[in-house]
Amino acid sequence: MSQDIDEQEQSLFEAPPIAEQERMVEAILFATAEPVTVKDLSARMPHGCDPAEALVYVRKRYEGRGVTLMKIGDAWAMRTAPDLGFLMQKETVETRKLSRAAIETLAIIAYHQPVTRAEIEEIRGVSVSRGTVDQLLEMEWIRFGCRKMTPGRPVTFVVTQAFLDHFGLENARDLPGLKELRSAGLLENRPPPGSMPGPGDAEEEETNEGQSELFED
Amino acid sequence: MSQDIDEQEQSLFEAPPIAEQERMVEAILFATAEPVTVKDLSARMPHGCDPAEALVYVRKRYEGRGVTLMKIGDAWAMRTAPDLGFLMQKETVETRKLSRAAIETLAIIAYHQPVTRAEIEEIRGVSVSRGTVDQLLEMEWIRFGCRKMTPGRPVTFVVTQAFLDHFGLENARDLPGLKELRSAGLLENRPPPGSMPGPGDAEEEETNEGQSELFED
Amino acid sequence: MADDIFEEDRVSVAERLAAEALIIDVDGFEGPLDLLLTLSRTQKVDLRKISVLDLARQYLAFVEKAKALRLELAADYLVMAAWLAFLKSRLLLPPDPTEEGPSGEDLAAHLAFQLERLQAMRDVAARLMARDQLGRDFFARGQAETVERVKRVTYTATLLDLMQGYARIRTRDDFRPFILDRDSVFTMEQALERMRPLMGYAGEWTDILSYLPEGWETDPVKLRSATASTFAASLELVKEGHMDIRQTELFAPIQLRKRK
């Protein structure tokens, strides 16, 4: 009985040609936020349409294209081809200068390694934030060295091969000493504001001493 | 010289075949709701690609389909074919109903851009309420253009890419009836002879005075 | 005036009804130009062939009626009425060659231009709104795949940075301002820290010197520092109301007891 009515209706409202149905399926799948079932398609398309058949054509048309028809459960959706996923990412690399605290901490580790956190703090004269050490560890410029044989057996830090590579050093001993820094004009001869200027000569000797001590062992 | 470098680079990083580039453009445009410029495409595709050429192929491929490639200003976007709008009742977004004043103001900005507020008021014969302009700005259909080189250097309004996108226009030159209006001389800025009553006459005279004073010395 | 009355008589009944209808919803007009445009439709001609003189008469008649009905008209309607009355006189009288300024024809032409332009803008506005619209007739991607912005921050430093950094630290040491050697300093905070837990046991008067930290009595420098800070800490505890303090005579031991 109901079939009769269907047939009657079909003759009254002729279904659009399949090419047209294909366009419709294409448009609906494109504009819909969610995957669409054949039933949904049927409900939205004019009477007499056969979305299942239209889907076959759509699928064929998009085979190997940048966009493909995908079946998700019992619903259909258009998705970018899986091999082109990399286009949906836009990587922006931002290069930032390492903070002063990080540079100083790194320098101390490089010149004094293996060195404990307490020793770094003593040399810098300020406490070293956890973030700074973490950042250097994350960059893989420093790593944990062996524990120090002192009470509490504190961990030490040493520089890594990646650090040496980045700075073009063969080993940490290649780092120029203070005397070389000074003769290369790299050392700020001016004392930091607020501190008292001392006699240059004596100071230089002192620092040389300190430096040689560092690399004696 | 730079061409040599280009060629060198091209040989170093061979660009994917054009069919592959077409797939990429297709995928990017398909996945993005906003219009994408050729520059953006270039930035996202591998080195050496020619998105402008690939776009020609994509456009051809989608001609007459349920989804079509549209040019909006200097950007491209995929949109469903307008004749299939009837299938999309579910997707239809109820846009805020614009007042008659807002519609007229929008049309005046579109056809006369860049246009100052005073010019809009001259055409409409009434003062333009702040709310009307604010609403259009908020919808991102208009934006501020450059200042006019007239006394007081008033700001101007122009329509946006979102406006073109919304009305399916490639650029503002495609506005319906633009040519006829122009040839009829209706887009000319014809200054009123002598004193003509305008919107908020008393006020305007005052401001004009103020402005001329400003620029007199 | 007689002219006006004569004019009014010539206005058809339908036009009069239309004009009256206009008066009823004068609020519905967006200013005099909008009203003029509406009035001009009664001429049923191309706006380019409109009779501005007739239009001026219609407008003035409208304003008169509004006045007769005691309707409050906004100032700009009255400004326009005054201007149109002036225009009408200019159009009716033969041009005075001595008079300066634009002719009545020029003014009339501009008004006609304004009306035509406003009408044109309304027409194109309607055409614009009748266009296929995004989100109504055609649609963008329903499920836009947003471009993932992968932001990667890399940090960098040069060998020079490193060396300068190190040099900075070392030279800072060299120029270090005088800082009190803190090895033999016992701070008040330390003294307080030491005394607080012991407070509870001080039921009897006790010499404050018994609170000195162990090992600090031998070194005179340390003894001095520890004594001073212990004394200061004692005063602090008294101030807080935990202890009583006394000294029986000059240079006698200073004694501390828990307050009861």
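A, B and C label the chains in the order they appear, each numbered from 1.
Methods note: a contact is a pair of C-beta atoms (placed from the backbone, for glycine too) under 8 Å apart; a residue touches a chain by one contact, two chains touch by 3 or more.
Not measured: the values here are computed from a predicted model.
**Q** Chains in contact with chain B and with chain C: which ones?
**A** A
**Q** Look at all chain centres (mean of CA atoms) and spot the one farthest from the centre of chain B.
**A** If we average the C-alpha coordinates per chain, A ends up farthest from chain B.
**Q** Express in whole angstrom the distance between the two chain centres, defined as the mean CA positions of chain B and chain C.
**A** 27
**Q** On a C-alpha centroid basis, what's the spacing between chain A and chain C, in Å?
**A** 36
**Q** Chain B: which residues touch two or more other chains?
**A** Residues 30-31, 44, 78, 80-81, 84, 88, 91 of chain B each touch two or more of the other chains.
**Q** Which residues of chain C are in contact with two or more other chains?
**A** Answer for chain C, listing residues that touch two or more other chains: 139-142, 145, 147.
**Q** Which residues of chain C touch chain B in the complex?
**A** So the residues of chain C in touch with chain B come to 30-34, 76, 79-80, 83, 101-102, 106-107, 110-111, 113-114, 116-118, 120-125, 127-129, 131-142, 144-145, 147.
**Q** Where on chain C is chain A touching in the complex?
**A** Of all residues in chain C, those touching chain A are 139-143, 145, 147-177.
**Q** Which bits of chain B are touching chain A when the two form their complex?
**A** 22-28, 30-31, 43-45, 64-67, 78, 80-81, 84, 87-91
**Q** Please give the residue numbers of chain B that touch chain C in the complex, ascending.
**A** So the residues of chain B in touch with chain C come to 30-34, 44, 77-82, 84-85, 88, 91-93, 95, 100-101, 103-104, 106-108, 110-111, 123-126, 165-169, 175-178, 181, 184, 186, 190, 192-197, 199-201.
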